[in-house]
Structures are given as C-alpha cells and as structure tokens.
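Here subunit A shows up in two complexes: once beside subunit B, once beside subunit C.
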Partner chain A sequence: MTSNHQNTETPLIDPACYAAATAAIRTEAVRLLVAGEVAAVVGYRAGRRTGSVMPDVATTVEAAGQLLFSPACQNNLALFLSKAKREVLPHGRVAIVVKGCDLRALAGLIGESQLRRDEVHVIGVACPGVFGANADLSKPLSAEGLARKCRACKVHLPEGVDLVAGTLPPLPDLPDLEAEEIARLEAMTPQERWAFWTEQFSRCIRCLACRQICPFCFCTQCLCDRNRPQAVDTSPRPAGNTAWHMVRAMHLAGRCSGCAECERVCPMDIPLNLLNRKMAQELYELYGFEASMQPQEQTPLTSYRDNDDQSFIK
Partner chain B sequence: MTLTLDNLHRLIDALLAKKVRVVGPKRTGAITVYAPLAKGTELDLDQLPRRSAKEVFFPPCETILSFEKRDGKTTVSDPDLDLLPETVLIGVRPCDAAAPGILDAVFSWDYDDPFYLERRKRTTIIGIACTASDDACFCTAVGLAPDARQGSDLFLVPLQGGGFAVESLDAKGSALKERHAALFSAGSNAQPLPLAVPAVDPLDLAKVKAWLDENFEHPLWQEIADRCAGCGACAFLCPACHCFDIVDEGGEGSGCRRKHWDACGFGKFTMHASAHNPRDVQAQRYRNRIMHKFKYYADKFGQTLCTGCGRCIRWCPVGIDIKAVLDEINGK
Partner chain C sequence: MHAEKQHHAFEPKLVAFVCTWCTYAGADLAGTSRMHYPSNVRVVKFPCTGRIDPVFILRAFQKGADGVLVSGCHPGDCHYMAGNFHARRRFAAFRQLLDFVGVDLDRLQFSWVSAAEGGKWVEVVTELTERIRQMGPMREFRELDAEEHWSAQLDEPEIRAAYNAIP
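The block that comes next holds the complex of A and B.
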C-alpha cells in the first residue's frame, strides 16, 4: 500500500552475504562484551514488522547475539557517537557497527574532535548495499529498492576498521541515478532550478527529521531554533523552508559524509542528498577535497592558505 | 445507492463547478498527499496519503493575526474566517476520517478554536472503506476497523467490478447526495471488495491505560528514547497529534502571528523562557507522547488519541514502532 517500488523476487545480492556479516558481527560483539573490552555495541536488531530493523545499543551477551546486518540496515549509527545521542551510551569504550558510508561520518566526527578513535572499536561491514526510502523491507533487495547512494558507493569495503564483517560479493553495475539527476539540474537555467527546489521545499513540514538524523547536525543550539533574534522562520512556509534547507546545505558543505540519511528519513520525499552531493562536488572541484575520507582537523572551509583562490573578491 | 468511479469523478467536477473546494488524495511526485483537486480524475485512491487529513482542519501553518506599524500607528487585523471555503474532503480512509471527531474535544474544550471549528463546520467528509493494508496498519487494535464509519458524513464501500456502495450517515452527507442525486443509482447486487484487515495482535486499551496510570517512572521510557532521534516526523504525520506553536514572523514594520505544528519529541518543545526545561531528556518526551495518546486524553475526554494509521511506524527514522511499544505494555 505504501511502497512505491515493485520489487522483483530475485534478490540483487545473495542474501548469504548479509547472513555472513551478521554471523561475524555477533561473534565479535559477544567476544568484546565477554572480554570486557567494550561497555556496549551499537548495532542493528530486528523490529516487529517483517524485514524491519532498528538501531540497538547492546550491553548484554544476549542482546549482542541478536544483532544483525541486512539490506534494511539503513541507519547511520555514527549518530550515536555524535553529541546528539551520545548520552545514551554507557560510560566506557563502545563498539559500533558501520557501513563504509557510516565510517566516513565517524572519520568526520573524529576530525571535528567529537570523539577519539581510541574510544571506539569499529566493526566495519563489507556492505553490498541497503534499501532506499520507500522500499518494501519485507521483499528481497532489488535494483529499484537499492538506495541511490549505494549505486555510487566507493566505500563498500570499509578501511582502517578493527574488524571487517563479511566479504563483498560481485556487485551489480548500475547507473548512478543521483549523478544523472544532478546533471539534469545543472543543465537547467537558474530559474528552472529555482522552480524545481521551490516545488520540493513546498512539501517540507519542518519535522526536522533531516537535522535530527544527521551525525553532523550536533549543534546544541541550532541557528534555526533561535527566536531572539529569529534567523530563520520556523513556520513551514516557502521563506523559512528554503532558508532552512539552504542554511543546512551550507553548514554541511565540506563536512557531509554522504550517508544520505536526511533524504531517506524525509517523510515528504525531498531529495536532500542532491544538495549535499552537489556541495561535495563543488568542494572537490575547488579544493580537490573529499570530506571524511580520513580524519582531518583542517578542511577547506575551516582553514586558510596563502594561495587560496581569491578571484571572487571583487 | 451506488456510485461508479466515473460518477465519483463527475461529482468532484460538479462540486468544483459550484466553487466548492474538494480535497482528496492526490499524487504529487512520488508521494500521495491530501491536496485540493483541480479535477475529478486527480483523485488517487490507491495509496494512503503520506500526511494525514488533519491538515484540512488544522493546517501545518496558518496566520491567526497580522500587524502593521505605519506613521507611528499600529494596526492589528484578524483573518476573515468567513472566507474559509466550503470543502468536501473525499476519499478519506477510516483512520483519517475518525481523527477530527476525536480532536473536536480538545479544540472546543476550554476555548473554542475558531480556526479549527469553522473549518470543521464547513467540511463534509466522504470516507472510504479500506481494501489494502500493510504491516504498520493497526486500526483494529485501537477500536477502529477498515470499514469504520466514525467521522464520515458519506461513506463509500468499493464494490467488486468497480464503483462504490454509498451510505449517507448524517444530514451533511444526505444533503450532498441529494444535491447531486443524478450521479447516484439504485443499489446493485455487486459484492463489496474484501476489506483490508490488519493482521495485528489485539490491544486491551483499558489495560494499557491502567499500566500507564501506574508507570510514569519506568525503565521502558529510557529504553525507547535511547534510539529516538527527537524529530517530529511521528507527530506531524499523525492524524491525532495536534500540538502547535505560535510565532511572530515578518519584517520591519509588519508581520504575522502564525500558528504552526509542533511536536513533543522536540528538545525545545517545553523549554521555558527561564531556560528551565521540564522535559529535559528524550525519555520524558517519548513518555509524554504515549501518555498523552493513551492516558491523558482518555482521562480528560474519554478517547484515545490514536487511530492506528501506522504512519509513525512507517516513517520513524529510527524504526520506533508504537504498536510494538503498546504490545509490550499490554503484555506487562
């Protein structure tokens, strides 16, 4: 009823790959807790509905034995290591299950001094891909159901982690729909592009799921919540909606690790990752910089070089 | 009486011709939402709209007064509620149709909210029995059903072979039907399409409430809040959540006072001007969500603030499942 995708019954990826990752995660999680190496393992566990999963903070061997990895493991669990959710973790070292895209967020958070590498035990998953928004989680993963970000993923196999869970199967070669969409928008006139985004933002209801799910939206006082003085209208109307999404895109430029969680969780289907990916492309073209490939304190937008291009100063 | 799908579309066109605003499920991009229809064929009955129908009575944002300062003189003006259009809300699933009847209690309790109540008065609801559900649906567990008539003025039951059996349930429904009598025909022998009956465990709401009465402090709240990201997706998609904020917005010299949706999951929802926040942590906020729906509203108005539409389950960014939470409470 609510699925927009007609998933075929033939899985895109052999389900055995996810099962192998699940087994490796469980073994490692149990080992870590039994050995007392960590106080908790942040991972995924099954939800009530067929195929559904949810984030879990496992602190017991029993809970660790129920962690899993499946195409429904969409959440970027790095959120739990950013200020937003950090209070829920028990004191001490923790382990976290990350896909390659999530690992980039961890690297970004380390670079921004939000956590230290030695505070976390990283269980990286060899991830063939996960479901996108609107997919029917009860069906096998299909090309239509695959998240758009996964089609362009360069980090299926996480590097620099403490353990890699699972192995990568041969991956299907699928067109990068997001890049095609960005190219389509770039080819538009500014007026057409403005019309496109105006229409997209008109649906925004300001539920702030995009902000709350973002590992990098860790400000304790968001500019957009301020009311004395008010910087951005809080009501869901064109002015405030546009300002909010622009402010957020700018604030994430050079920081966003491309997990696309903001886009996945948007209940109004606003393609927010197009903004983030476009900003990342700009950063790459201007500075040859890719956010969060490794922890870095100095990023193009937070540092200065004598030879920086200043031609924009008129 | 019966109505063919073509005649349902003609009914919408006839209403539009009479300058009646017709709101119904409409496909916009990849999603379906309740939106004003420009013609009958825009009606999309295949999907449960992403947002509930509450916005017809309680819009995401509305101006409740405007002000202007000119030549040292300030004028304040109220919106003209007489301009609110006569509306027919069509193709509403039982889980959405039931909600306004539940909300009437709070919007006419200590204060008659003219914005909400005026829209209620001017709106006729045409409900439709539900023939498709998914595993997030749980209307049957909260006392509703895929063919619940509650809240509808006119009710459509889809028939095998197409078309609908039509029942008018009150004066508003009868009046609408009589005004367009030519579009309706006498009853047919066609059988109704099978209803979508959600396959969910039943809930004993009295038992849930009894547990909530006793467990303001319980580790369960922290356990759920551990994963809650603190957004407003659940509340904003919910047909029954009705909290709002009031803000002044505008530029130098003029502006508006606006009422817009708010959510108890937001960290600053209860922030006082003194900076004291009585619901300082997410566990207190999530607890409030459940308490308000299944205890406070029941205590105050004898009703449950949930219709089992499942939107909060489908769209929770972190997979929090209110039905699973209620099952757990029910099992305690």
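The block that comes next holds the complex of A and C.
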C-alpha cells in the first residue's frame, strides 16, 4: 500500500526492514568468518556521528557482529573491489554487502575483468532506499532526505547474489525528480542548457572526489591528470571543468551503475548524476543497453553492430 | 575580445580529424585533381577514426575552432577492420552529451569519405565552411577559456572593503 501523505510520526519506510537486513548480514558475516570461507567481510558499521555509518572491512567475528544496514548506508562498497583499490582488503576471498545499485557496479567490474565472480561472496541487501546528499542522518528517513536515485530504483531486490539480506517493505510512490529535471533540461534551448551547465561547472573545485568515489574510475593514470600531451586543463577554471565533466561522462557511458555517489560526494552540489543518467538513457534508446545486476558480455561502447545508427553521418 | 578585430570579415576556423587510409587520401585526391575548396580547414591525420577521442573535439573547440569535422572510412572499409564501427557508436553517444550540455551540434560534422571520393571531401568541407560562416564564431568555449573565474568571487564587498582599507 502506498502513501502520498506523510506526517512527521510515520517513517517513510518501515525501519524494521533495516533491522532485519542488519540481523541477516551479521549472521552471514559471522558464519563466513568462522567457517574460514572469506578473509574479510566488506560492509558498513556505525560511524562516529549519530546516525552515520562508515565502510568497514571486518576480519574478526567481533567486527562482523557490528556490521549493519541502515538508510545511512550510502557508500558503494564495490569501489574496493577493482584491481586498483583492492590493496585495502586482505588477500583471499572476501564477502561484500551490496545494495542493488552497488551490485550493478560489482557486475560491471566483473564484466571488465577487475575481479572474478568466484572471488567474492555477495550479500545482497533488499534495500528500500537510503539517504541522499546533504541529508540529516540523525533524523528518520523522509521524502526530502531520500536519495533522488532511490525514487527511480528498479533494483530494490538483488539478483544472482549468494544471500539476500532482509525483505522489502511497502515502498513509497514518489515522483522521479531526476527524470523530471532531465526532461526540463531537454526542453530548454541549447543556449539555456549551456548557461545552466556552465553555472554548475563554474563551482567545480576539481577536488576529483567524484572520480575517487567512482568504482569505474580505476585507471592508474587518468587521462585528465597531468600528462604530456595535456588533454584537459587541470586548474579549476571553467574551460577545464567543463571538459573534465564531459570526459568523465563519456568514460562512464555504458559502464556507470547509477549509484550517484559522485553527486553525493560533490562538495559543490553539482548534479553529476543528471549527466550519467542522460547518457544511460541515450544508450538505452540507441542500443537497448541497460546496466544490469549480472555481468554482461558486451557493453555498448566496446561492441558494435553492422546496422548501428549513422543518421548523423554524411 | 578587442573591438578593433571586428573590422575583418569572419573567417571560420575548421579542424578536420580524418583517418589516414580513406579521408586523408580522398582529400589528397581532391588536391591532386586541383579541385578548389575553402582553405579554412586544418586537417589532423589519425590512423583511424577509432583513435579519435572525444576529448580532441572538446580541445579543438576550446582552442579556437569554430567547427569540427570528423571523417573516416565507410563502414566495412576500415583499414583496421572495425575502428570506424567503434567510432560510430562513440560519436553517436558523444553528440548526445554535447547537445545535453548545450553545444550547437551544427558545428560538429561527421562523414564517411573514401580514398576515391575527392569530390565528396570538397562538398563536405565547403558545406561545413559556409554553414559555420553563417553561424559565426564559436563563442561558448572561447568565453570559457578566457574567463578567469575562481571558486571564490574576487569582487565580494568584504574583499573590496579590505582592499580599499589598505593605506
């Protein structure tokens, strides 16, 4: 049953489902470590501030008993499984706690040979939603606090995992704000869109948090760093900022899992997920491609068909 | 820019990213056949359109190009078998990104020109040159490049007041 009116007493999503997922994760994590099936369980544990969580690599039974799942579990833990980031984990098989969006990233990494499916024990969480950027984690989850990406989520229930932790409660029916924003931008003239994006990119300070948090940005030498020849200006000026975000959107096209972590970690509140979601829409329209919870044989920009659209080519 | 420079009629600057084996040879054929066409185009030779990274197109616009042409072998004729197939997909996606960010797609032209199509090269370049001449200079990227815009506004009242307070 869905509810459009929410008073301050009724939580947006039944908190019991998060508690159930926590219990399931703890049981499984302890079991795996005791049995020696994995060297570590990558999950979330309570952070220092009220309501916050932080990623944890649990290697002991005690630590495994502290793992949890709550609306504050925003991080995409698949980040730690690419070859470049793998050194933070102990050697050997690991278990990982993933939401549906994180699972798409994990599947993408497996598809790109960053790890093998048999190297990881996947604990998928039946996730009803998490907090968005700048949300107050100490308050209960509300429609305002819910991440925009969660409104459009189609992967609440993970598939192809070794264990599903928790069950889904009734989900709220909220308008897809990101899709609305993209439609609003598409309806503008090119000049208006340019003005919008240059204003957004002018705030960019090139902290590259978006790149650091992205599971797919694992190149040991980024094209947009200092290189010879220099492809993109590295200083936080409008020209380089625009190029940086466009290059990153292109490099993620067909790979991005839609976890929207880039947008969440951006200190200047640039709506980065709009770019990635737009590219995902275009690739779906052009080539029928969608990010999936299962590793895929082909991604759209590393494969081709003889009859691909070439209406724009003379 | 400076007011004095407006005296001259606008001559578009076009950059053409072409593949060695087809379009470059086609352009060469146009030359040896003594076909005339506007000299606004600067040709950059690549082994294959598959090597052309979208960042090169961005860089061309940023460094002053008013229009960009990307041209290669017809599908099925690629010297490296499949380079142009990958390029076709890559540029289909990149066009959409450019459009979404607000770049006028009329400034970016893609074509397949084979080694025998000297005439088509002339036609494509002439058409693009005239179209860009009508559209005028590419202001958007050049304005970005010229802008010394830091994250902190340097013209805030507090900074002004502090500046004026310096004895």
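Heads up, the rule we're going with is that the second predicted complex is superposed on the first by the 300 of 314 C-alpha atoms of A that agree within 3 Å, B and C clash if a C-alpha of one lies under 4 Å from a C-alpha of the other, contacts with A are read in each partner's own complex, and residues count from 1 in each chain.
Definition applied: a contact is a pair of C-beta atoms (placed from the backbone, for glycine too) under 8 Å apart; a residue touches a chain by one contact, two chains touch by 3 or more.
A quick note: this is a predicted structure, and the numbers were derived from the prediction, not measured.
Following the overlay on subunit A, a clash is recorded for the pair subunit B and subunit C. By the document's definition of touching, neither partner reaches A:119: not subunit B, not subunit C. When the two structures are aligned on the shared chain, A:297 is found in touch with neither subunit B nor subunit C. Legend: residue contacts after superposition of the two complexes on their common chain; A:55 is shown touching subunit B, with no touch to subunit C.
Once the two complexes are laid over each other on the shared chain, residue contacts for A:14 go to neither subunit B nor subunit C.
Of the two partner chains, subunit C is the only one that A:192 touches; subunit B does not reach it. Of the two partner chains, subunit B is the only one touched by A:79; subunit C is not.
Judged by the touch definition given at the top, the superposed model places A:236 against both subunit B and subunit C. In the superposed pair of complexes, A:227 makes contact with subunit B only, with no contact to subunit C.
Within the superposed three-chain model, A:211 lies in touch with subunit B and out of touch with subunit C [touch as defined at top]. Overlaid on A, the two complexes show subunit B and subunit C touching the same residues of subunit A, namely 203, 205, 236-237, 268. If you check the complex, the residues on subunit B that touch subunit A are 28-31, 33, 47-48, 50-51, 60-61, 132-137, 196, 225-227, 229-233, 235-237, 245, 247, 249, 258, 260-261, 263, 266, 268, 281, 313-315, 317-321, 323-324, 327. Touching subunit B in their complex are the following residues of subunit A: 1-4, 47-50, 52-57, 75, 79, 84-85, 87-88, 134, 138, 203, 205-209, 211-213, 225, 227, 230, 233-237, 240, 261, 264-265, 267-269.
Only residues 185-186, 190-198, 202-203, 205, 223, 231-232, 236-239, 242-243, 246-247, 249-250, 253-254, 268, 275, 278-279, 282-283, 286-287, 300-304, 306, 308-310, 312-314 of subunit A touch subunit C when the two sit together in their complex.
By the touch criterion given at the top, residues 53-55, 58-59, 62, 75-76, 82, 85-86, 88-104, 109-112, 124, 140-141, 144-145, 147-151 of subunit C touch subunit A in their complex.
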